[in-house]
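Two complexes follow with chain A in common, the first pairing it with chain B and the second with chain C.
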Partner chain A sequence: MITVIAIVTDGLVYAAWLFVVAIGLTLIFGVMKILNVAHGAFYAFGAYAAATAIGLYFDRGWPVAGGYLAIATAAIAIGLVMGYILERVFLRRVYGRDEVVVVLITYALFLILEDVLILIWGTDGRSAYQPYTEAGSFTVGGLPLSVYDIGLVGFAGLLAIAASYTIKKTTFGRLLTAVIYDRETAAAFGVDVSRVYTVTFLVGAVLGALGGALTAPKISVTPGLGVEVIVLAFAVVAIGGMGSMEGALVGALIVGLFRAGAVHLIPQLELFSIYAVMALVLVFRPQGLFSRAQPRKI
Partner chain B sequence: MMTGLRILLGAAILGGLGAAAPFTPLWLISLVTLAMSTGLVVCGLIILWRGGLVPFGQALFFATGAYTVALSGRWFGVTDAFLLIALAVIMAALVAFVVGFLLAQYREIFFAMLSLALSMILYGVLVKSETLGSTDGVNVAQASFFGMKPRGPGYTFALFWLALGMVFLAWVGVSAYLGSIAGQLAGAIRDNEIRVEYLGISVTRLVHLKLTISAALAGAGGALAALSISHVDPQMAYWTTSGGFVFVTILAGAASVPAAFLGALLFEIVRTIAVALLPGGWQLILGSVLLLTILFVPEGLGSLMIRKRATISEKGAA
Partner chain C sequence: MQRTSVRACLARKVSAALLLTALPVAAVAQTAPTAEPVKLGIVSFLTGPAAGPFGIPGRNSAEIMIEMLNAGKVPAPYATPGLAGAKIVPKYVDEAGSTANQVTEFRNLVQRDGVNATVGYVSSGNCLAVAPVAEELKALTVFFDCGTPRIFEEKPLKYVFRATPHATMDSVGAARYVLKKFPDLASYSGINQNYAWGQDSWRDFVAAMKALAPKATVDKELLPKLFAGEFGAEISALLTTNSKIVHSSFWNGDLESFIVQNGARGLPARSTMVYTAGETAMFRLGGKIPDGTIIGARGPHGVMAPDTPLNKWFRGVYEDRFATAPTYPAYHMAQSILGLKSAWDKAAAAKGGQQPAIDDVVKAFEGIEFEGPSAKIRMAIGNGHQGIADIAYGSFRFNKAEGKAEIVDVVRYPAECVNPPANMTSTAWLEAGMPGAKCN
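Let's look at the complex of A and B:
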């Protein structure tokens, strides 16, 4: 019984993290049809920025609550700056070219940013555990639960609701849906597609950075942490269906629970389980669980 | 199809290189051998590339080939270089044949990212398992050539000549494949798959075949690299290794097979210089050159040559 509870809680926490990372990736793909490999760099920069912010903040002995604000501010700031530069300077030049070419551009940017990261922060690992330990923990049925982790799950839940509300109820969300459905028709009806692209990319970048920033207190922040994330986030998005928000949520839950199950029952298969479930889903639904039907172009 | 003259010319060039080996510094020979191993992998990438497929995980097959060489030597005492390479090619092709049932269903970014995911699984397995050497990797025993066991500089020469032979075979084989009907269909697949299906050809099976051929070449490249470096480690399956292959393909362009080898040579030279001068900046340089190439020379450096040739012949016609 206790193993089941542990699997469910661990799975939910992991799913929450995956969802925050994957929703940015799937949003950018859905709207702009760009598989943004540099999303991993947003994540890594977010983690480093948060670790630095936490270090600076807690060294001064300021109240703990503000530390969480520091994390969020650092992530949003770095996400906006990087997103703006990448979109304006590089991606703008390649809109409308082959999807694979655009992937290669973001891949090249990712390579560059990985080294820039090391140039800025060096190769040594950093730890910024204060927000995690300060949040405390309690035990349920003999199982320790961290308040920070619960907060993470809550945040992911709020994010899911907010995303769904924005897309279904607000004007921007409706414009977004129009652009997702057909970019050219939307432009013909007077939608400023270029602005929608910029805003989408900035939001996606901030979400990626936020994913990294929220993880920073739980791990040792080291170079190369962006790579694993982009592959994992892709797995989540592929399971859910590229470009689908519901898909990202369901994909994150599936991967999260599967991985937690593997960690508790057969630890050697941890990494393998994620790709195994992805392969399984794709065998039966090659375009993911929540994909829209595509017209055949003859 | 290639004319007999071109084959003779190619053989003459490669033979000349082989004859020049004893008068060349050893480090340069090792570098060229390594570049040829990359070139073999890139040859395979060209086959996929022409069909509009970009594999981000070709290191999966490269590492399979390299580890096959290392482990056949360690577990079964196989030392014959020709046998080792044959085993590596077979293993890599076999892996591709199996994963091909899944991969061949996909195109474009799905294909790219799925192959990346598969190569990262192998990386994860290699890093985690002690029997496969974990992060330290495995040393490769010195190979023998039909019972002969050259040592010292002789070994480097022998590997170099072996590499030249492999390059010749790959060049003739890949050119023949690209000229065949199956190879020519690549462009048609890229343009419009459904039309190809309407011609009564199974695109999935064709992609599966292309994947298996390209994996065999990647396995050969991995085997050569393993013999040349005398060591294999999980880094060979890592995504940056795959990235390097894609990089050379973009740099050289998918237009010609010799361009793949020249591109690979350029890549190794730049890497050697970059590692010496800017140890931490390798990915930075790689990414920047990649970015500039895609933005300004989208068909690859090989295309500059061809474009020039085309303008000259147009002038001649006029």
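Let's look at the complex of A and C:
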């Protein structure tokens, strides 16, 4: 029984983390048709910014609760700044170009930002464990669980609801949907596509940074953080369907639960399990589980 | 110890991800210049995840040792300047990048830059790749930190040396210390990174445990990927066992992340953790590491080093320059350079004080014994190319009064107790029950 509890809880925690990381990536692709490799850099900068903010905050002996606010503030600030610079200075100039060209540009930006990160924070790892350790733990069926981890599951759930509500119920969501379906038609109907792109990219960047910031208290923040993450995020997005929020959620759940099951039952297959499930999905649904039908243009 | 750098796998992984989503070089026989400086290539991680805990301490140690050797300020028996009087001129190279890139960089060092010798490499993968090239180019090369036992066990090498003992020693030392602390150990688990270093460390630990405590069984055998960072599921798996101890050869960010995550979930209250490379994290994490955690330093290095004049000097100059204590990679680099100096000086002495040819240095290096800052090194195995030394293990204690990380209950095991003899491979020695081990 304890193994079942462990597989479910571990799967959910991992899925929550994957979803937070992948949602920004899939949002940007869905709206802008940009496969943003630099998303890994948003994640890494978010983690470093949060580690720095947490360090500064806790060095002053301030209350623990405010540390979580420091994480969010750092992620939003760094995501907005980076997203704005990248969109305005680089991506804006290549809209409409071949998708491969844009991918290569984001890849180049990712490599550059990896070195910028080292220039700013150096090569030593950074620790900011207080929000994680101070949150404490509780026991379910004899298995101790971290409050921070379970909180992350709750946060991911709220994020999924907020994303769904925004897309379906708000004006901006409808504009977004229009641009997703057909940018030119949306523009012909008066939608400011350029503004939608900017806002989308900023939101995606903040979500990427938030993923890193929420992870920072659990790990030693070291250079190269974004590399592993971007690969996993791509796997989740591929399973769910490029550009699909629901797909990102389901993809994260599938990967999280399969991985947890493998760790507990056949640990030798942990890494294999993630990519095996992705390959299996893509064999039957090459476009991913939730990819929407593409209208044929005449 | 094999480590994968960020750039090493960046292009491969990103390319793979994009695909998923988008649906005769002449051998150069080197000779040392006579009255000219000796060019020394120093290769270590200067960027990437391995730079902070391993590469930079190794590079910093090289900087100090070369500077002090050139000035003749290293204590006896190394008080003569440079290498047999010749000034050492270092060229530092970043080990980050793919293995293929490291082979190219090594060729550049030897053929373009004309280095007389190279000291370097943290990654076992890089050591394995560079060794045959060093032989091809007849380039004297001293590996300083990589741990794989395979370097000299697969094929005899002439121009390659390693003054640092290989990883088998770490696992055998850990097994002996664990059984000293838990003589009635019934079962144990392990979590190690899923690549050469982690797999070899776990394999050797299990083999040593089988030899020393045949009744103890393995509960969980976990091999998460390198740089996973998130170990929630693995910690849950370990929490479901009755293991008294959990072995781990984790290093770098993975080690720190694992310590923090398992501490928050109470794993150390159920199982004593054994970190064979734990020394590199103990000062950074301090009180986050539970008292009683078993800590190794890949040798009797750092706080487990003896209070000898050479060690006191080394610690002093290192701390003065870098405002931090030297961890084991710094010791590994220092003893590698001192090994090279010992061989170089010995070769020069045999030529009446003349600068030796590289082949003379190679001959002098084979089987040499010399003092390192923390132990005597004997190039006793691998046909005289692989060093052996003592190892120490201890238990962690956080001194709350002084806010200081300490190691207590230190046990030092003689080199012959934890290293295979010259005529056996590590695996064969372990599988045979470690015959001939001398532990008294």
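Quick notes on this one:
Please note the rule applied: the second predicted complex is superposed on the first by the 294 of 298 C-alpha atoms of A that agree within 3 Å, B and C clash if a C-alpha of one lies under 4 Å from a C-alpha of the other, contacts with A are read in each partner's own complex, and residues count from 1 in each chain.
Basically, a contact is a pair of C-beta atoms (placed from the backbone, for glycine too) under 8 Å apart; a residue touches a chain by one contact, two chains touch by 3 or more.
Since this is a predicted model, take the numbers as computed values, not measurements.
For the composite obtained by overlaying on chain A, chain B and chain C cannot both be accommodated without a clash. When the two structures are aligned on the shared chain, A:234 is found in touch with chain B and with chain C. When both complexes are overlaid on chain A, the residue A:119 reaches chain B alone and has no touch with chain C. Of the two partners chain B and chain C, it is C that touches the larger number of chain A residues. In the superposed pair of complexes, A:107 makes contact with chain B and with chain C alike. When both complexes are overlaid on chain A, the residue A:272 reaches chain B alone and has no touch with chain C.
Shared-chain residue A:6: touches chain C; no touch with chain B.
Contact with chain B, but none with chain C, is seen for A:93 once the two complexes are overlaid on the shared chain.
In the superposition on chain A, A:283 contacts chain B only, with no contact to chain C.
Legend: residue contacts after superposition of the two complexes on their common chain; A:41 is shown touching neither chain B nor chain C. Using the contact criterion defined above for the overlaid structures, shared-chain residue A:209 touches neither chain B nor chain C, since it reaches no partner.
Residues 35, 103, 107, 110-111, 114-115, 118, 123, 227, 231, 234-235, 238, 242, 268, 271, 278, 282, 286 of chain A contact both chain B in one complex and chain C in the other. Taken in their complex, chain A has these residues touching chain B: 35, 90, 93-94, 99-101, 103-105, 107-116, 118-119, 123, 227, 231, 234-235, 238, 242, 268, 271-272, 275, 278-279, 282-283, 286, 296-298. Interface residues of chain C facing chain A in the complex, by the touch rule stated above, are 5-6, 9-10, 13-14, 16-18, 20-23, 46-49, 51-53, 55-56, 194, 220-225, 227-230, 232-234, 236-237, 239-240, 252-257, 260-261, 263-266, 284-285, 288.
The touching residues of chain B, when paired with chain A in their complex, are 52, 54, 56, 102, 105-106, 108-110, 112-114, 116-118, 120-121, 124-125, 128, 192, 194-195, 239-240, 243, 246, 250, 280-284, 286-288, 290-291, 294-295, 298. Residues of chain A that touch chain C in their complex: 2-3, 6-7, 9-11, 13-14, 17, 35, 37, 103, 107, 110-111, 114-115, 118, 122-125, 127, 129, 132-133, 135-137, 143-146, 148-149, 215, 218-225, 227-228, 230-231, 234-235, 237-238, 242, 259-260, 263-264, 267-268, 270-271, 278, 282, 286.
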